[in-house]
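Encoded as structure tokens, the structure appears first; notes follow it.
Chain naming follows the written order as A, B, C and D, and within any one chain the residues start at number 1.
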Amino acid sequence: MRTQNPVFIPGPTNMPDRLRHAMDTQTVDHRAPDFARRFLPLLEDLKTVFGTQLGEVLLFPATGTGGWETAVTNTLSPGDEVLAARHGMFSQRWIDLCRRQGLYVHAVEGQWGEGVPVDEYARILAADSDHRIKAVLACHNETATGVTSDIAAVRAALDKADHPALLFVDGVSSIASMDFRMDEWGVDVAVTGSQKGFMLGAGLAILAFSPRAIAACRDARCPRAYFDVEAMREANRAGSFPYTPPVGLINGLAESVSLLLDEGLPRVFSRHHRIAEGVRRAVDAWGLSLCARRPALYSDTVTAIRVPRGFDSNALVHHAYEHYGVSFGAGLGEVAGKVFRIGHLGDMTDVMALSGLATAEMAMVNLGYPVELGSGVAAAQRYYSATRNRWKREVA
Amino acid sequence: MRTQNPVFIPGPTNMPDRLRHAMDTQTVDHRAPDFARRFLPLLEDLKTVFGTQLGEVLLFPATGTGGWETAVTNTLSPGDEVLAARHGMFSQRWIDLCRRQGLYVHAVEGQWGEGVPVDEYARILAADSDHRIKAVLACHNETATGVTSDIAAVRAALDKADHPALLFVDGVSSIASMDFRMDEWGVDVAVTGSQKGFMLGAGLAILAFSPRAIAACRDARCPRAYFDVEAMREANRAGSFPYTPPVGLINGLAESVSLLLDEGLPRVFSRHHRIAEGVRRAVDAWGLSLCARRPALYSDTVTAIRVPRGFDSNALVHHAYEHYGVSFGAGLGEVAGKVFRIGHLGDMTDVMALSGLATAEMAMVNLGYPVELGSGVAAAQRYYSATRNRWKREVA
Amino acid sequence: MRTQNPVFIPGPTNMPDRLRHAMDTQTVDHRAPDFARRFLPLLEDLKTVFGTQLGEVLLFPATGTGGWETAVTNTLSPGDEVLAARHGMFSQRWIDLCRRQGLYVHAVEGQWGEGVPVDEYARILAADSDHRIKAVLACHNETATGVTSDIAAVRAALDKADHPALLFVDGVSSIASMDFRMDEWGVDVAVTGSQKGFMLGAGLAILAFSPRAIAACRDARCPRAYFDVEAMREANRAGSFPYTPPVGLINGLAESVSLLLDEGLPRVFSRHHRIAEGVRRAVDAWGLSLCARRPALYSDTVTAIRVPRGFDSNALVHHAYEHYGVSFGAGLGEVAGKVFRIGHLGDMTDVMALSGLATAEMAMVNLGYPVELGSGVAAAQRYYSATRNRWKREVA
Amino acid sequence: MRTQNPVFIPGPTNMPDRLRHAMDTQTVDHRAPDFARRFLPLLEDLKTVFGTQLGEVLLFPATGTGGWETAVTNTLSPGDEVLAARHGMFSQRWIDLCRRQGLYVHAVEGQWGEGVPVDEYARILAADSDHRIKAVLACHNETATGVTSDIAAVRAALDKADHPALLFVDGVSSIASMDFRMDEWGVDVAVTGSQKGFMLGAGLAILAFSPRAIAACRDARCPRAYFDVEAMREANRAGSFPYTPPVGLINGLAESVSLLLDEGLPRVFSRHHRIAEGVRRAVDAWGLSLCARRPALYSDTVTAIRVPRGFDSNALVHHAYEHYGVSFGAGLGEVAGKVFRIGHLGDMTDVMALSGLATAEMAMVNLGYPVELGSGVAAAQRYYSATRNRWKREVA
């Protein structure tokens, strides 16, 4: 492909050259001492990104879905009960994955556009006096709906019920882009991937396990081999992997963590918030509404936008790709055809975001949407120019 | 790392620039039509490399170990019996993996340095008149011992016993480097990875399933989610993946298959044989012997060399790395300390091989081995210069 | 630098990955036969881009300025008279370069914002009945002012006066982006560089010499060594260079010419026109005017925009860089502080152009310009969306 | 090209990945402040590599030949006399270049295989009591013959004659690989290029001018424009270039200087000496002799080897390329057909050197040379293994 238009999908995200170069390594011996010298400090540095001092970080050559499987199969046994909610494509997939492993899922039917139904969770947990529920699942950021949930509230519900269930959090599209506090929120397993906030290609599931989750591995009887945490931890202790690691991605991840920590996580998070807020101003100027139902739920990494009644969001996404060479996210599952998504996480600037907004406007106008060219762009420009910073302080 | 010394580990292998460039792609939308236009023909082209017209090729973002798990969990059910042999590190790991999935393994104790014990297999299969054995496992090329087994003979044993068990073959270090005939040998699942003969980074498990193996997925009850073949096939039919694919590796694989088919598989195989034969001549000149016990077993992708009594092969590998910046393979498992391995698959030339042999000689002499400097190199040179070809015809 | 914002300077231009990869070549032997096999066809293919069948193409490891020096020193002798016009920074530099070589320059004072003063040229040539003027210099596209001149008219003036002077044309920012017809216009030396329409890094001066220009080398007495055309032609005939060629750039150039010819030059030119026209619509919507005085002069590769009285265009360029990480061209020479420039040649899309326009608007508004946010963007969107094409037909 | 065989030409040299990545930069604005912030410190750091505190470093987008032209045209005037010796291809070319600029060259006929004829220089300088000779030219390392000359002795000859001529030194294949002491040796202009010891692609002439050479620019009347030192210095003072700089190469050069200074120049020089000495041991074992006539002249960057009477070294070079994909340097000029050259500068390891020696042996034996396979390799191995170092201390 020849064009240099950015992508506006909510992952994989645009890759900075510095990370592309870090990934583009000639073959080195993954059993040689140099590999361990690079890999072991990376596991430590990643803890900061997860907001944990107590937990342990694990990398598996897989996608986020493999990360979920790792979480579930290493800590639970067939027949175990888990509590989950279906309020988007990814929370739904996680439920399916649990069932495939022989777990019993209390699946709360949520609204697509709402967050984790904390009140319902609280009710169920309080009622579960036998503690048959062994794990509670929560999606921190539903990539399909652009909804961020309140994980601290889920923890509070557990604490209030004095419930010992493990807390599993899907942070695939939040960790490294939004504030994540594993220890403070009492998260037991947090899952993310290399291709979102870390700005790399897909291929690494990145997990953090709390001491309780580690302890749970001992008795968990779900079968596992490739995703076995104990085998991975044992190999990691020797600076190696139980099989051939993807050295390029691991180099890239080390460089990515360097970039993030050099910038400072609070600045990374506020940068994402600023870009996202500009996008939301544009949506408002277009007269459209978000899939996320309340400001408290708005995601700073992906914005899902409802198209007006009578329009097909898939056609919009298709049009933007075919005519302008720009990729947006389509609507998935229940909101297929009803929303399109602008991903704005990773190495995104205000300037890049404006090109995405301008493209969305052209595509909407081409397809007869009641939207005025330049309207959303101007709203975003107003916000971005008022909150401008010396860009290099922000992203260098 | 600044040196450009090649690696002589049996994977990951040295990567040609053309493949590095193919992998180094800026982010593209994996749900856009262009991805499907590149991905679907790749699945077809890969069939030629597996030697199959009847089978289907599947790619999972994982390593070869993930490929094994895919083979086993999609076709078998807990309690099923499988026949396997332990005659090297990788065959041993596969047995462990089966047991973790709740299978009962008839584990034949083989010799490290011997191939698949075909006669013993034949005896067991003939005796299994109830057909309780559902699958037979065979390692085409034991990377730990440098032994290539006769898969056609395993098939013959099955046929002779008129046994319906599925035949699973580990071709991780053979496929794309050595002749592999899936259809002719009646292989039901063949497994390989991206980082050996395909000359890419680790991160893709590459499998071919026969129609019988595909059919077996229906009734197989081992739990699976990430590695579920049916979900993958369904997504593939639409040109997509059930989760985010590693686009860079897939681009690289497409370019790699192009390289291999342009050169012509028979030339690829004879190129590997020629490099390997030169290495064996050197070993002979050193007065050392191979781990592989008979010429019929000699592998054309990796040579495992026994060190003289009283020497520690791990120290040799360590010395070569520390003093010359060259990586060889260490001995694994039963032959740890007893053999070192020279990997010579992928993008290896006679000239590169000579630098590995020269380095091994220096390291051996430094450590007091009764080996003469230049002796192995000269033997290999004699063979290489006599069989020289215009290199470009060979590898351009 | 971490941001992926495009640059909007009129060269070097944004580089497509395909060209970056072509330039990123491990060292090869420039005296080996393979180099000649790649290099000689490139010289032929470049003729098409220059619009010549009669001429010869020459590459020197230098910038466009080195190309000018090559043109002048190989065809002229100290004391020779040349006709030139000063109507921009680059035409002015060329005059200086001629004087340094001991030539006598008839320097017509033009207007910055006007093209080559053809009438004045015609008058002078008609009056030069002794034919003391040996060469006529014309800048096809003045990068400093965004003015394209009518080279066919210069040729007509020469023909009308029946004047034998050579015609030298600076096509640095036009060739490969705009229509250029060396043979039809009777151009004797055309000069360009690698870092504009060819989308590569700087480092190659690319010239075409007509048969008359080649013949003139015989008697030209300006001293030359590095830039000697005869030595270069002789080496080229053997497929080599008189000194070490920049192999990476030459590989990149071969790939670039492939890209351009695959797209088709007419499509390349119309693509540049479309992008440029959108930018001009934006300028008009801002209520600003171009440096170029009439539509016939408007350049399709760079737009120079006059800032309102009382504003300093350098501050604008600086602000856009410091606050948004976006580079525009500053005003040079006579128009320093008075114009800023948007480069839109090479690998530029409508989507990228919109991000530049949006940034310029924000910077202008931040600095108090009487410009409305979104106004220029909307005007460009209107044009781009009305003239949209399936982008892949255009640029794939 | 698919093979990863190293090149053994004396430049361009093998490029480490770290430098390839530094060169592979997306376009940045060379007029933006960031460029100056990277470029100006580089000019300072380069002084250390030239061994000068008094001098100034200048970079021109050209090859070493352009560097020579810069030296001559900026400091001398037509008719000026210079003293030079012809004892190799590159010293001969420099003489030709001076003559093209209208200088009168006292060309001492040296021996190809000998160094600068210091005694003859001393005699001529002593006799030149009028000081008509304005500059003395000396080639520090004749790349064509593998001869290193004694520049300190040339300085001593000038001093003894109390002669004010400028001293120009061609350090193209020595600087950054061998000890060079500009200030101590009283060198006035030193010239090198990016593609030798700096391990980059060709395209940058790198010069250092002493204060006397800078002063000489004022009165020098050789015409110059592209290579004008005053214009370059003026632009450099503002952190910029008089024309578009090759930003990628400049980034690469900054990274290269970092690598060299991090390793430490003394270690860089001793590393080159060690590699060279191993190559010389091999040549001795082959029973062949060097073009360089005495050990004091042996170059540590390139070894030119005389082939036995009756053999054609060009055929040898051709054979190695065609059959083994390995490039050696051919004989040039007077020694064409008589010598072949092994370049061993830049990013060369002992292991890589051994593969070159092994290839040369095979090619010689294929062509009937009276050389024994493995003989030279063994001699080099003996030296390398005895002087082995922890490679990472050496080159990491």
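Note that in this section contacts are C-beta pairs under 8 Å (C-beta built on N, C-alpha and C of every residue); 3 or more make two chains touch, one makes a residue touch a chain.
Values in this document were obtained by computation on a predicted structure and should not be read as measured data.
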item	value
Pair of chains joined by more contacts [C-beta pairs], B-D or A-D	B-D
Centroid-based (C-alpha) most distant chain relative to chain C	B
Distance from the mean Cα position of chain B to that of chain A, given in whole angstrom	35
Separation of mean Cα positions, chain D and chain A [Å, integer]	53
Computed distance of Cα centres, chain D from chain B, in Å	46
Two or more partner chains touched - positions in chain A	1, 4, 14, 17, 24, 26
Residue numbers on chain C that touch chain A, as the complex places them	1-6, 14, 16-18, 259, 322-326, 347, 349-352, 354-355, 358-359, 361-362, 365-366, 372-375, 377-379, 381-382, 384-385, 388-392, 395-396
Residue ranges of chain C touching chain B (in the complex, touch as defined)	17, 21, 24-26
List of chain B residues in touch with chain A within their complex	1, 4, 7, 9, 11-15, 20, 23-24, 26-34, 61-66, 69, 78, 96-97, 100-102, 193, 195, 201-203, 222-228, 242-249, 321, 327, 330
